[in-house]
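You will see two complexes here that share subunit A, one where it goes with subunit B and one where it goes with subunit C.
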Partner chain A sequence: MLRAGDVTVLAGGTDLMPQTQAGRLRFRPVLMNVRRVPELKGIAEDNGVVRIGALVTITELLDSALVRERLNLLWQACDHFASDQIRNAATIGGNLCNASPAGDTLVPLLALEARVVLAAKPNGTLQIRRVPLAQFLLGPGRSCRGLTELLAAVEVPLPGAGFVGEFYKHGTRPGLDISTISIAAGARRDGAVLRDVRIAFGAVAPTVIRAPRAEAALEGHRADAATLEAAVQAALAEIHPISDVRASDWYRRELIHNMLKRVLTHVCKL
Partner chain B sequence: MSANCDIAFTLNGVKRELSVPAGMSALAMLRERLGLTGTKYGCGEGECGACTILVDGMSVNSCLLFAADCDGRDVVTIEGVVQSEAGERLRSAFVASGAVQCGFCTPGLMVQASHLIEQHPGADEAAIRRGIEGNLCRCTGYRKIVDAIASAAKPDPGQTPFSEGQP
Partner chain C sequence: MNEPAKTWSVPDSLIGKRIPKMDAPDKASGRTRYIQDLEIPGALHGKILRSTRVHARILSIDTSAAKALAGVHAVITAADVPWQRPIGVGRDHLPLKADRVLSLRDEIAAVAADSEAIAEAALKLIRVVYEPLPVLATTIAASAPGAPRLHPDRPDNVAMTFDYAQGDLAQGEAESDVVVEDVFRLHYVTHCCMGVSGVIAEFDPSGNLLLYSNTQVPFLHKREFAELLGIDPGRIRIIQPPIGGGFGSKLDIYPFEPIAIFLAGITKRPVKLVFTREEEFIASPTRQPVLLKLRSGCRKDGTLTFRDVETVHDNGAYTSWGATTPFVMMQTISSLYRVPHCKYRTVAVYTNNPYAGSFRGYGNLQATFAVEAHMDKLAEAVGMDGLAFRLKNAQHPGEVTPQGMHFKSCGLKECLTTAAQRSDFLRKQAENRSRWNDPDPVKRGIGMASMLHVGGGAKIYPSDGCGTILKIDDFAHVTLITGASEIGQGSETVLAQLVCEELGLPMTAVTVVNNDTDITPWDVGVHASRTTFIAGNSAIGAARKAKRKILEAAAAKTGNRIDELGLAGGFITASSGEKLFELAKFLRSLHFSDKADLVMTSFYYEPPSRHQDKQFKGDVSAAYAWATQVCEIELDTETGIVRLLKVTGAHDVGRVLNRLGIEGQIEGGIVMGQGYALTEDLRVEAGVIRNPNFRDYKLVTAPEIPEMDISFIETMDGEGPQGAKGVGEAPAICIAAAVANAIHNATGTRITALPFAPENVYRALHGASEPPVWNAA
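And then the complex of A and B:
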């Protein structure tokens, strides 16, 4: 199958169907339904890394005790995802391959330093490569996945004990809206000092992004109001929101300013 | 791509075989090819839930599902849901609560509610409201719909507590 090359991969269809109907996407000669490929299913932990098969649905992530307890940041994003009907159909692989700058699972996955597993079978032998999510995503709807490659899974290293994360999504209709902005932030308290600080944003740049300067403003510092404010200011310098039908760039900046502060206050337990 | 796909699946308990265009939605297949018009076309984009069906026991928007993707699966529409005991309870509860005005959203809501009750027997108001977030109703304001689902979700008053959880 993977050798065929000119294929359109079908998972849940929740992105593919609207794109096809709108004529934005023409099927390639082969429509490949990957539903029956068992390697693409299941959630399992091995050696501190959680492997989530590409076909795992948002509902399955929500129902997974492993995800809820150990990857809670991802679980929260799934909890904010669309409606029950969409969550039952939408897969994590589809969310990743659709590469939307507002993709809800992408934001926590980026913060958790996930990598995607890409598989191809160019001449009968299976070739696997692992790509950090930050390098996988190239722009709106664009990833470095080759035409003959299938996204097999996403691998997420477990955050250290004591890591606390919070996901925030702003939209008008609770889940169904595409995020106006979203935030995934987390850290570990080491006494009064913050460690393993991770901050990622959705819908403020062409892809979901990490905020390394905001993270650096907190990493190894004492968690207090002044540090938080410095981190928020650093974050505002790192984002490049656009104005579109959902919000103006000004409004997105205000949202990031106010909501990042709130999220960080919770994460730092101030 | 205009090629057809041959598919075989179970529809409301009956085996069906069909040839469908690759780009066809399950909703179009149900309404236009199979004449099952209980499943409604509202938005065609996954926003309104009028087209909700059950596939392998999970509720999905049939407007977003490729007909070809029904192959090998178990599909239940509103026409199948109302034949079940749970469906009949929901139907009477919708009538008793006055949860139907124009009725356009009703089939999708009943299918979604049947899935919700099966997954969370005895679901409370918050769980019901969350469960039907993907179903839009322009008429009722949802209050009576939530009441109807809540009353259908309650264990049957005719049953003793001991028979709870049994079919």
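And then the complex of A and C:
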């Protein structure tokens, strides 16, 4: 069916339905419900990589001990996701394919250096390609997924032992809110020195982004107040927030400044 | 045959008990049939084409393609109803706009079709050509010399003005040791009723009009529709299906109602027109946005001396009840506390923005926000604590205020002391203040505000009455037919309760009929927290008549005097408590005599209140409700997020009738006040609503609801039904004011503009906000 290319894929429908209802999106001639495809389900670890099927719901991620214990950054993001009803329907694949700069699982997945698994069957044989998340996301609502491709899974390499991360989401209320900004930050402490520093942001650029310069300001350094401030300043040079109905660009910058500092303080146990 | 035995389980008194709402099982189980669920055979579906321009001339409307669509029965524009008349409070609003649109909600054309989908498809086929006109997005723009007139008969774009004065302001200022002045800006919010607006209109072959309508004021609407159609009001019948909330939004007549009627008239079919949620955001009214300048003074000893208020109301494109909120605002200004000298002035200016209607609290949230900020500010200036300062100036029972309000009962002082004690107000206030400079970015604050609102009806119209018909059948089942509408507030339950209390019957013995103008007696409508008070007194009147009649008949049989007899537990009882007759059996025996005349009528006609005179002076309500609410917050200075942790409220409710009902009203009102204070913000930019959806218009969600500690101050109002006063609006009024004071207590920053959304608070704390300035033209 996908081969023809004129197909709208339906997973949980929590993005699709409001978008079509609001007239922002039109169904293609074929609406393909993938919800019962077993190959797109399940969470499993193999050789240091966790494979999360595209159809795994936010609730299933929250219920998974593997995710909670080994991918805690992702688990925290799920804990801030929408409401129970939405979590029961919303899938990680839908969140990824929707490619919103405010998508909540995208931020920790980017920080954890995840890659997406894309599947197609152009001439009867299954073709699989793996794309790092940073390359998968092209802009608001845009990804490099081909029209005839299905997102099959997302693969997340397990962070090293001792990796500690924190997810922060800013909205005006505790539940049911789209991120005004979000932060996923994590690191491993090697004595007094920080290693494997990962920082990603949501809703401050056309896609979720990593902050390599902020990471570099911390990587291999001792975690003290001056280093943190340097990292925060570096981060501010890496973001390009806009003003919209939820917040002004100025306020988004202030939030990144204040809350990145707070998150890093927690991560570094300062 | 033996009569089946009846088991009555009637406690001694129902007053103050926790009585579940009579409509709760139906609503909880999904059985309630709202207007959306009504399927009238043969009904067509109506849809409205609204303007896509904020202010423009309509050059042409082409409906030909829409008319040609299969399944479309009518497409109408102003040209099809040349006889239509202006509607609404200001009579400044044609249902279908003819040559000009003044706001984005404006109705241009309407379709009746076999289905909603066809009607919607037809709307898309209508072509409108506009010529843009300059948009008057602010009251300043609308007041500027040379600004285009929005209504031809209003050269200055002024919709309404209000001027009130008492005492001598100059003297008040001269006597003041401290004077403070601030400008406050109150924003747009909207009701967000779960049940959206809707109507079904149907003519019978003789031209009688039947409306299924969600209105809050069926009897007044009959008259307005009759005027519009040029027919006798007697030919209009309004049936109200169960209404999913009103909060004031359904108090005026809006274009969609006449439009459905036009469509029904033209197609000769019933027409159902129910809003979508987006439409509800765009085309139902808002709360009145206000810019308010307040100057207040007091003496060194804390005695208030004067208040001087000016407000500008952005009236929007048309005039509905929002423009008249000064009626209530000036009561708070002049009479919440004792102030000898007052001046109040409002100018409501037409703009191209959405227009405001009535909304729970009716201007009082806005006025209280300003007044209570100054109560704190003045107290601080003279070195008093906020509680002592308020107590010093509080009203007391018996007071007749310079505005003419007579407080026969008044629990304000008890409200103040109770709320302060139960929240440990003074200690926490001092402690929070001492933490201003400590390094923790998360601060705590506590703030207090009080309110005064009508609680015994409100004489807005020539009459404030309500009628009751009560019948008792020969199984002692009571049918209470009341003019009072149920809009989810629990009125039918409390009315049934009051009747049962008189007749000694259980709640199951009463059916309430309250939704059909052909059956129910006249009533002025659900508004002004009046229903329990007015309709309650009316229901009690009818029940007492029935009781008297029954006891007279019993006395004739037993030879007792009627004051030796009573009704309890389903029996006629002697003063000893002895059961003399089973009521149902006794009524059946009456039935076979000439005394079975058990249909009672009663009007509470009128409450002892007075219409305001031309100077806005008068005792408009038979009783007044009071409350003090203390809000405790946590404020993160690095994000601006304010969390409401706890509300301690003390409410002078006269007397608690249905405890469950009053708790529900107060909790719901607090949450509505919380939304106004913290999260709800209808963003209107250049006449366009930027967030007409629940994603971006933030209602308070369950986890945000604060802990509540509510005390009832029972002042046993002499005129109230069983001593009760109205409380429908009271609980929403103080929250924003108390939260503002709490933010000041937490941070030392006073914010005078709502809402306290994170970015706004953050900006205020970091000197990056634009505080409101007084820029009345």
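As a working rule, the second predicted complex is superposed on the first by the 270 of 270 C-alpha atoms of A that agree within 3 Å, B and C clash if a C-alpha of one lies under 4 Å from a C-alpha of the other, contacts with A are read in each partner's own complex, and residues count from 1 in each chain.
In this text, a residue touches a chain if its C-beta (ideal position, glycine included) is under 8 Å from a C-beta of that chain, and two chains touch if they have at least 3 such contacts.
Remember, predicted model here, so these are calculated numbers, not experimental data.
Of the two partner chains placed by the overlay, only subunit C lies in contact with A:I178; subunit B stays clear of it. In the superposed model, A:T265 lies in contact with neither subunit B nor subunit C. Within the superposed three-chain model, A:Q19 lies out of touch with both subunit B and subunit C [touch as defined at top]. Residue contacts after overlaying the shared chain place A:L31 against subunit B, while subunit C stays out of touching range. Looking at the shared chain after the overlay, A:T227 reaches neither subunit B nor subunit C. Measured by the number of subunit A residues touched, the leading partner among subunit B and subunit C is B.
Applying the stated contact rule after C-alpha superposition, one finds that A:W250 touches subunit C and leaves subunit B untouched. Applying the stated contact rule after C-alpha superposition, one finds that A:T59 touches subunit B and leaves subunit C untouched. Within subunit A, the residues touching subunit B in one complex and subunit C in the other are 18, 83, 174-176. Partner subunit C is touched in their complex by these residues of subunit A: 18, 83, 170, 172-178, 180, 245-248, 250-251, 254-255, 258-259, 262.
Residues 441, 638-639, 641, 679, 683, 690-691, 695-696, 698, 700-701, 703-704, 757-759, 762-763, 766, 768 of subunit C are the ones touching subunit A in the complex. Put simply, subunit A touches subunit B in their complex at residues 10, 12-14, 16-18, 20-21, 26-29, 31, 33, 35-36, 59, 82-86, 88-89, 174-176.
Within the complex, the subunit B residues that touch subunit A are 1, 5, 22-23, 25, 44-47, 49, 52, 58-61, 63-66, 68-69, 71-72, 112, 115-116, 130-135.
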